[in-house]
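What follows is a group of structures, each given as structure tokens.
Look for chain A in each of the two complexes below; its partner is chain B in the first and chain C in the second.
Then we have the complex of A and B:
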């Protein structure tokens, strides 16, 4: 059984149907990516999984459990955590407090402290800035913090929405490196990206979205070589 | 240079007018020398006392605004419910002489009952009146809050009558100390001291505790907070609890200072404390404290200092005019307040 199973969900913004029956599966320990243009429904899919939007039809199952009716905070507590688009760190809280908020649902203080040390090793830049107010960090550092904050929850599935957006090319490479590292440590990842080549390059499986529908799916490498994908996204 | 429109001219006129009144009035008053140092000291002491009460009420406005972007118009009336509950404990304790002979347990009992009542009512209004409007945009939540305000006022009027009840005033409250020639009323010291203590505790709670940090996170980005597993409803309840506690304390103090309770008593301090919260920068906790003290000082010292010098008789009756002029000036010239950011930036 897949860790995350989305079965034919339809999501509406008022009367506009943003997702028109999307089905996908994320297997344990995979990196799965959703690619597609602006307004294809990538973020909407992640928002529906996280419980910020509620599908009118269809089901979302995480680890076999139907997520219908759960609030966003309940879903986060099940180990399904999102790094939202635009990072959305708490700019007026310190870096340390941001990390603490990531571990909000956890009561195991020792393990939380260990995880914080682990984050400091993964993102050494954050260590120097622990006491600093997060709003003063650079864009790249904010992305690190947003990722570290989500990892502090010990997610089993990490949803990442456009983690490379707005970053300098050098940092973009780093972001994809980090995603691979996190995945290698056992975290399953569902990644939404506009940077299709980079995303497909690291993904086990990819889905191509177009106006609320999945138009193509396959192994990351396969899609990267697919003529239609190349024409549409890789120029 | 760009041409100024009529509105700009009027605004500049207002600025210059207010500055003129303040400068000319102050110079005039000081030259006349109508007031003694002891009198000025009294004004300052009273300003700090009433300011500490405004500060506590302002905290309720600012925290709820921070978390929900709602102006809780009923907050002044929550203060009133605390004052009333305190009254029903204070009156019998005063008649039996207990309050006179045992001031500490007496005051603790009054405060505990007042806090319990105002907090309960604050939580009930949140649950019944505000939560259903949580996702509604526009003016409906604000109008709902105004409705709650009327509801509380008229309920208390119906239940306890519209007459003014005089708050007990035991002997020890009238005690005063002599500090280097100045007369310091004991009640002022008590009110300011306890207010500072409670505000320090509140500040530490918001800064250091898990829920306090969650509250600041929700104030900044509720959706991101929910994605981290923070239950926004719990944070809202926490926020209204803190506001309700401060309102209960402020209600008792306000009633002790003015020595009366009645159903409409929450309105004026409520609206002034809202002004204080705006003055300090709404959403900012240190701003609300600062704004409260500042407003208290200005309305206490201001009438004599600014108005006496330009020949206005009995200026002390105009202190509300001073307070609200200050609020209007802030709204026009610095809407973000002393410590606040521009509203538009908040959601960026």
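Then we have the complex of A and C:
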């Protein structure tokens, strides 16, 4: 059974139907990516999974459990953690405090301290800036912090929303490298990206979204070579 | 081109500098004229700083001229001697509009338009010497003050360190002479002898003024020297510890003063204490959780009315509890109302939240005032005959005794607030304040957190209300105006958002000082408003900012200096 199963969900913003029956599955230890243009429904899908939006129809199951009726904070406690779009770190708290907030639902202090050390090894830049106010970090550092903060919750599934958005090309490469590293350490990842080539390049499985529907799906490499995808997204 | 010889390269730079000094003088002069026309100066003139020598009104005008002089001297890029002359010029120019005003008053009566432009004012401006001599003296006075201001601005720190505290002490001793004399008169012997030396019955006398100035100046110098000597052989002291120590001393003074200072000061400090309680409560809501609340006075009212209903000896009594039993009930009920208050506005954010809470606060006041609730709550007549608290046989009747009740309550509340700030809940509030969605996505229960913020914030206000009821021995709906919510909000902003010591400072500055200045009547709110504006311009982080805020402002400066290329703006709260 897949770790995350989305079955024919319909999500509305008032009267506008943003998702028109989306189904997808994320297997353990995979990187799965959702690609598509602006307004295709990528972020809406993530918001529905993390409980900030509620589907009108269809079900979302995480590890076999139906998420319907759970609040966003309950869902976070099940191990489904999001790295939000545009970083959205807590700008007025320090880097250390941001990391601490990531582990908000955890009570195992020792393990939290260990995880913090792990993050410092994964992102050495953050170690230098532990006491700094997070709002003063550069864009790339904020992305690292947002990722580290999410990992502090020991997610079983990490939802990443446009992690490369607004970053310099060199940093973008670094972001995808990091995603690979995290995945290699055993974290399952659902990645939403506009940068289709890079995302499909590292993904085990990919879905192409267009105006609220999935129009294509397949292994990441296959999609990358697919003529239709090439034409639509790779120019 | 003309026959006059000007050294090349000198005429050109001097001209704009002179112009600047004149403009500075005119700006300050315009300010002085404004204060005069509005009537503030004449009102201040009713009050001596030094009896027979210097009134507060005169001192204000002189201070304005001195300010012009100091500013002109600070701006200019010339030699020290020239700067001081620029100060003289600016001071004289600042006096010129006043002189023009004096001429105008002398020629035509403008009292039909500006009631303050009276013969009294003319007499004050010209020192009663008639227009010609008086106006010459006025300009000369301005020039002298400008000169002094510029000289002070150019002086070494050591001089400034002595003069400013000295002058401040004289003004305080002069303006608050009535209070101080009352305080000192309670005691026989040396204390009263000192009083008699410094003061005549109507105010500070010249010998007293000189003595106070000298003593304070010497003290300022001594403190400055000690501070200066320290870094030479010892590591600089931890600034935070130094701040804490100063705060400790201030608290100690605050705690001990009323016992010696008599009931008026006790009354004022008690009011300050109540606002400190409310400030700490609202600080939880706004400072930590970021929930802008303009209906805060509602919780204050709930605390007061609950206490009234449970203890009053009038017909409105529900029960006849002792005050010490009624107080916890009032606090609990306030928490309950706080939670109920939070429910309808759970999904409302930012500016909209301010408006929504404003409405809720008004609803509470209107209900209390309504005829519908009058049988229970007494309507506009309120509830009377609330007894003072007792400990055994002792009735805590005096303002000083009640001040100590307030102080104890504030102490407990401060401890609770401090613990909350550093708790899991406190962290969750701060996360919520910065980004609600992300906070939720990290497992923070939004509903629980927000309701706790309203409930706990309300507890503090309820406690304040409870003490308020027993202080007045009566409660009326008109005591629970929107203005209270606004005052509490202003005091935490002025003190420093999210900072506990800031709440204390803010309450002393915004509640205590206006109370002491009560005799300036309607004008005190003019000062109050001006102080708010100046504060927000010069020190937006507050008098005693929280570590977080200070860090944020400081770090931002650093980052801007280091790499202008990166994105230094923090994520804005929604």
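Brief remarks follow.
One rule holds for everything that comes next: the second predicted complex is superposed on the first by the 235 of 235 C-alpha atoms of A that agree within 3 Å, B and C clash if a C-alpha of one lies under 4 Å from a C-alpha of the other, contacts with A are read in each partner's own complex, and residues count from 1 in each chain.
Basically, a contact is a pair of C-beta atoms (placed from the backbone, for glycine too) under 8 Å apart; a residue touches a chain by one contact, two chains touch by 3 or more.
Being a predicted model, the structure only gives us computed values, none of them experimental.
When both complexes are superposed on chain A, chain B and chain C occupy overlapping space and clash.
When both complexes are overlaid on chain A, the residue A:136 reaches chain C alone and has no touch with chain B. Contacts of A:77 after superposition on the shared chain: both chain B and chain C are touched. Set against each other, chain B and chain C touch different numbers of residues in chain A, with C touching more.
Shared-chain residue A:52: touches chain B and chain C both. Legend: residue contacts after superposition of the two complexes on their common chain; A:156 is shown touching neither chain B nor chain C.
When the two complexes are overlaid on their common chain A, residue A:102 makes contact with chain B and with chain C alike. Of 6-14, 42-50 or 222-230, the chain C stretch that intrudes into chain B once chain A is superposed is 42-50 (criterion: clashing C-alpha atoms).
On chain A, the surface touched by chain B in one complex and the surface touched by chain C in the other have residues 50-52, 71-73, 76-77, 81-82, 84, 88-93, 97, 100-102, 104-105, 149, 153 in common.
The residues of chain C lying in touch with chain A in their complex are 424, 427-428, 430-431, 433-435, 437-447, 548-549, 551-552, 555-556, 558-559, 563, 566-572. Taken together, the chain A residues at the contact with chain B in this complex read 50-52, 71-73, 76-77, 81-82, 84, 88-93, 97, 100-102, 104-105, 149-150, 153.
Chain B makes touch with chain A in their complex at residues 210, 213-214, 216-217, 220-221, 223-232. Remark: chain A residues 50-52, 71-73, 76-77, 81-82, 84, 87-94, 97, 100-102, 104-105, 132-139, 142, 149, 153 touch chain C in the complex.
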